[in-house]
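Sharing a structure here in structure tokens format.
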Amino acid sequence: ASEHGAPAKPAAPEKPAVPDKPAAAEKQVMPGKPAKPDKDSLDKVSFGTNWVAEAEHGGFFQAVADGTYKNFGLDVAIVPGGPNVNNRALLIAGKLDFFMSANTLQSFDAVANNVPVVAVAAIFQKDPQVLLAHPESKVAKLTDLKPLTLFVSKEGVASYFQWLKSEYGFSEAKVKPYTFNAQPFLVDQQSAMQGYVTSEPFVIEKQAKFKPTVVLLADYGFDGYSTLIETRRDLTDKKPDLVQRFVDASMIGWYNYLYGDNAAGNAMIKMLNPEMSDDMLAYSVAKMKEFGIVDSGDALRDGIGAMSDARYASFFDKMSRAGAVRRDLDFRKAYTLRFANKGIGLNLRPRN
Amino acid sequence: MADSAASFDLGAPPAGYAVRLRGVTKAYPNGTTALGPFDLDVRSGEFVSLLGPSGCGKSTALRLIAGLSAPSSGGVLVSSQAPRRRGEHSIGFVFQEPTLMPWTSVRGNVSLPLRLARASRADTEARVSEALAGVDLLDFADAFPRELSGGMRMRVSLARALVTEPDILLMDEPFAALDEITRFRLNDDLLALWRKLRKTIIFVTHSVFESVYLSQRVIVMTPRPGRTGAEFRIEALEPRGADFRTSADYAAQCREVSLALARTSEPVRA
Amino acid sequence: MADSAASFDLGAPPAGYAVRLRGVTKAYPNGTTALGPFDLDVRSGEFVSLLGPSGCGKSTALRLIAGLSAPSSGGVLVSSQAPRRRGEHSIGFVFQEPTLMPWTSVRGNVSLPLRLARASRADTEARVSEALAGVDLLDFADAFPRELSGGMRMRVSLARALVTEPDILLMDEPFAALDEITRFRLNDDLLALWRKLRKTIIFVTHSVFESVYLSQRVIVMTPRPGRTGAEFRIEALEPRGADFRTSADYAAQCREVSLALARTSEPVRA
Amino acid sequence: MSGLNAPRLPSDETGARGGARLLRLLLPIVVLAAGVTVWDLAVRLNQIPPYVLPGPGLVLRTLIADWPVLSASLVTTLWTTLEGFLAAALGGIALALLFNQSKWLEYSLFPYAVVLQVTPVIAVAPLLLIYLPQETAVIVCAWIVAFFPVLANTTLGLNSVDRNLAGLFQLYGASPMQTLVRLKLPAALPYILGGLRIAGGLSLIGAVVAEIAAGSAGAGSGLAYRIAESSYRLNIPRMFAALLLLSAAGIVIYVLLALASHLLLRRWHESALGKDN
Amino acid sequence: MSGLNAPRLPSDETGARGGARLLRLLLPIVVLAAGVTVWDLAVRLNQIPPYVLPGPGLVLRTLIADWPVLSASLVTTLWTTLEGFLAAALGGIALALLFNQSKWLEYSLFPYAVVLQVTPVIAVAPLLLIYLPQETAVIVCAWIVAFFPVLANTTLGLNSVDRNLAGLFQLYGASPMQTLVRLKLPAALPYILGGLRIAGGLSLIGAVVAEIAAGSAGAGSGLAYRIAESSYRLNIPRMFAALLLLSAAGIVIYVLLALASHLLLRRWHESALGKDN
């Protein structure tokens, strides 16, 4: 699977591409300039992820590893998350500059609680949230999961499960806590558990030796973005240029990670998370491509990270119907389109 | 030691004897030998006093007889007159310290032996009250041990030992903390009880007067490790009373015992 | 009660007096009145004995004098000869129970007062050894309290009280757990010490003999709540010794005190 | 400490004691007020936004506004706590008694108790969920968190029984049961109660952990879920309101246990005696 | 219990004691072997797949195979544990001493201690991370989990000081410091050590929780992360190997503390005395 979709040689593997439309910033160190910017002149930026290093964060690591950020005048430190690590609180408190938020609902919550953070780009056009079931339970579509015991994490209950409830009539009585441990699911054939399309199916296939049925919620109308870049509003107001550079460089990182030589990014992931295996990484990348998690829909036109008012409105509508957010919420404050949709790096996508 | 000990399995208790110690020694784990080879025969119904310098092993000897501690060598044999059924306590013990249960009242402490023997409630009630009256503590039946004076605590302990009328009564300086008036009265009470029931009593005291007044036999022990230093048979008219206490005979015997005590105590004094 | 107490602020201690109690009562929280209105004057350098039936409030009185407990009414005044500097202990106390620190050796226990006063190491060493020799426990200097017999523990407590030579020495039945030989010897030692240093000593005992032998004044207390029942001045030749113990005078005084004790104790006996 | 500063002259004891009692009630309240004020000032002066650290006023308002949701969660958590506490108390004491029967039992089984103590509940909860019904699994989790202090303190208490008293029971031919009920348990009581005071708070924590690891989610779920959910949903004032409830519950549990302890020991144990007793 | 079944005739004490000692060593091993066998059989007979519950053999093999990774994590966790334990021991004892200075202090501040005890670390960790450096935050988390038993037991111990001894110190004009060092601390020692034995395991748990809540993930991280990660990756044998290490560490910590306790108390306290002392 690792060969799947192997790209043609990337445009400029060792010298990342110049953005099509450089965000005309005064102090910006132009990429490609022979004089490498020395460390001191770089803007220090920290970026917290929401899980341990994995392929789902690949583009960011790629941008660090291959020097893309540096070329944009950034010295980026990635702070991995993990179970129970709350990097978002650190973003809010000003300890981090950017945070990788899991889904769009979190952005709505920020508005609801007057937390001045905004989403500036959406890496995943489709939420990779899936529900896994045993083949024996003969699940073919989402509603077939209703009679099963569902292992859902606390966060899941607070987010997508509300949508499952309102849209498809799932019952909380069937839910048992999922603490990122698949054992109870494996033992009970009449159960299903949550996961990411890019990892859990692989883990289960590998360890438990069966191919679970996978139901991608996005296919059933759960149309929120996922893996968004979030930052504080004061940063977008005071240092828009910095934000823009971070967004742009990250997008380039993502193109390179998906279509270019991602060895450097993977090496960095493996360094931070020695448990990560090559086949796992390859599987994740393959699935991201296969399901168009990152590069599909608007992103095909506007570049990776694309966001649109229409998508936000549609998702808000669903979540407010689910009762997960207040109907009168000014959801447009949750994001800004100022930095995305610039088509950065489109040229790096192999044309086929 | 183990070898020599094995030969001391004394077999059946000799008829008429309540306690027999043969070549008993006791060495504590820290190396102190508390009791030198000590021999003791106490007939059933006999009243024996142990006298001896502080730290000579009197308390240790009582603990060995009660079976609360095992001898390092030698044999200890205790026979009780009554068949040993559960709750038929054959041994009563008045420790040198009051050893009361701090969590229950005086009444609770004194009734303990009866409760353990599952005596009827009414019976317990009556006997406890009697025992408390005997030590003049009826008023304090509901007091807790910490609310008592030192002497009162010792009297509670005494009442507890007497409430079951055990076959063998081991008493470790039971009256040391009491004023003379109370002490004399309790002396007489104890004598009366003994005369009535003829239980075996082994009585540790530091008062030569008391030992002579109470017992049939006085054993004076040597300094640690304690052995028999001298032995006196007190052949006094019965019943003893105020008359005996003021008799010349009594004074003479006290003097004799005192002398023996002084004599055996000498080595330590050096 | 508080009102009447207020009037008992005795002001400056009268010259020559070490302890003055005026109308002191003590009622414990459970309602027991331990000490009836009790008056006591002890001159500096006087040796006073307290005698009385068990539970009459002797220990309570000592605790009040030491300031370990507050009177319910009445005034307690204690003056020490030496200026009260930190570590200059003016009061030594031998409790009725040994009250040793179980976590340290005999030497550690006895040296406590000196350590607290930050005496020099050499000085401490010497004085502790002397005090231990005085109670015949040098061999057990390194033993822990639980490894001692009851009498030995009491002797450690005694050594601890004597090691600092306090101005006022309060002793609660210090010799009750000791054999006669040791007791007599310690009696003489205590007398010799008192004669040499003329400290104030208030001595609780149950032994009429002892009280008469040791003290200048014997106070016989009534049963609870304790008051002064009778008082005897013992005018004996000095130094007292074996001669005094066998003198007719001594016997007569003992008899008198005994009678007073019996007389004051009567109400309880009813 | 007892009488360390006892006045030499009689004091108006009842009056002074009444005053002291009042002060003892007032002082914690004053300190609480001070704490709340400091919290409030810290938030105001540093202009800490409510989504980082909400001020006490906001938390209180949230508590009142969200009371229906929060109180339901509180009740759920308190039930789990109670069940966990009872299990911990009974289990801890029972285990200690078992171990007390023989050193061998103790030496062979104590390691398993230690293993239970140090095993992260999060790690074993899935296994428990597989083999036990959910309700039971939750209680077992709470029990695992809270039982050890009871076990350890009871063991210590049982080992500290006065040996002369034990000898007395032996002499009087007490049955093991009698020795247990009349000697060992009362003698160990101060230690056991000490263990229970520790276990009280731990069972609350245990209930929270158990809810996270094995509890039901969504409606009818406890404070743990509320806290996690509020935190995830960035409803920080509500999270603090839930934490406040948890703290209050902890204090109430502690006070109740301390009170029970005081009532049980006040007549005889040094630790519960007044100054002049 | 002391001498409850003391034989009436002299026993070959050294011999018997030697035998008993051997048995005391052997029995736990036998019980351990039995436990492992039951585990093995349960897995085999029920054909439980290794990703649900691996057998002991597999866990052992995994332990050996993954030793480099696991041992590094173990060291990390043990360091946190040690720091947390020291903080808990010192903090708990210091707080207890502070509270012991006056009932008022105790009454006003103890509630805060209870609040700390019952606050879920997971909930406060983000706050700590905001205001403290990560290393410190981790230790504070571990401390929060473990300090309370030390505090509670030390308080109990300090309140149980013999009042006559306290009076003696007062009479001899002991300074507060001298009273503390020479009276209160030694008298409370058995209780303090009891608290520390509880805190030992708790600081291990605390380290795990702290790692989860505030620790860094990824390389160089402790057993907690290994457990969570192995569990997430369904590498259940490795998860069990990590749990095994955790358990072993817990037992070692307990044994060390029990040993220290025994050495400190063996000459004087009932709980550490042999039968015939």
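We just call them A, B, C, D and E in the order they show up, numbering each chain from 1.
Basically, a residue touches a chain if its C-beta (ideal position, glycine included) is under 8 Å from a C-beta of that chain, and two chains touch if they have at least 3 such contacts.
Everything numeric here is computed off the predicted structure, so don't read it as measured data.
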Lowest number of touching-chain links that must be crossed from chain A to chain B: 2
Inter-chain pair with the most contacting C-beta pairs: D-E
Far-end chain from chain B, centres as C-alpha averages: A
Whole-Å gap separating chain B and chain D, where each centre is the average of the chain's CA atoms: 48
Centroid spacing, where centroids are CA-atom means, of chain A and chain E in whole angstrom: 41
Numbers and ranges of chain A residues touching at least 2 other chains: 86, 89, 93, 179, 181, 183, 187
Sites on chain B at which at least two other chains make contact: 28, 30, 67-68, 97, 147
Sequence positions of chain D contacting 2 or more other chains: 3, 52, 122-123, 126-127, 130, 162, 167, 170, 212, 228, 231, 269, 273, 277
Residue numbers on chain B that touch chain D, as the complex places them: 63, 66-68, 84, 86-89, 91-93, 95, 97, 99, 101-104, 112-113, 115-117, 144-147, 164
Chain C-facing residues of chain B, complex: 28, 30, 32, 51-55, 58-59, 96-97, 136, 143, 147-152, 155, 173, 176-183, 185, 206-208, 258, 261-262, 265, 268-269
Sites on chain D touched by chain E in the complex: 1-4, 23-24, 27-28, 30-32, 35, 52-53, 100, 103-104, 107-112, 114-115, 117-120, 122-124, 126-127, 130, 148-149, 152-153, 156, 158-163, 166-167, 170, 179, 184, 190-191, 194, 197-198, 201-202, 204-205, 208-209, 212, 224, 227-228, 231, 239, 243, 246-247, 249-251, 254, 269-273
Touching residues (chain side chain A, partner chain D) in the complex: 86, 88-89, 92-93, 106, 109-110, 112-116, 152, 154-155, 157-159, 161, 172-173, 175-177, 179, 181, 183-184, 187-188
Chain A-facing residues of chain E, complex: 49, 51-52, 69, 122, 125-127, 129-130, 212-214, 216-219, 225, 228-236
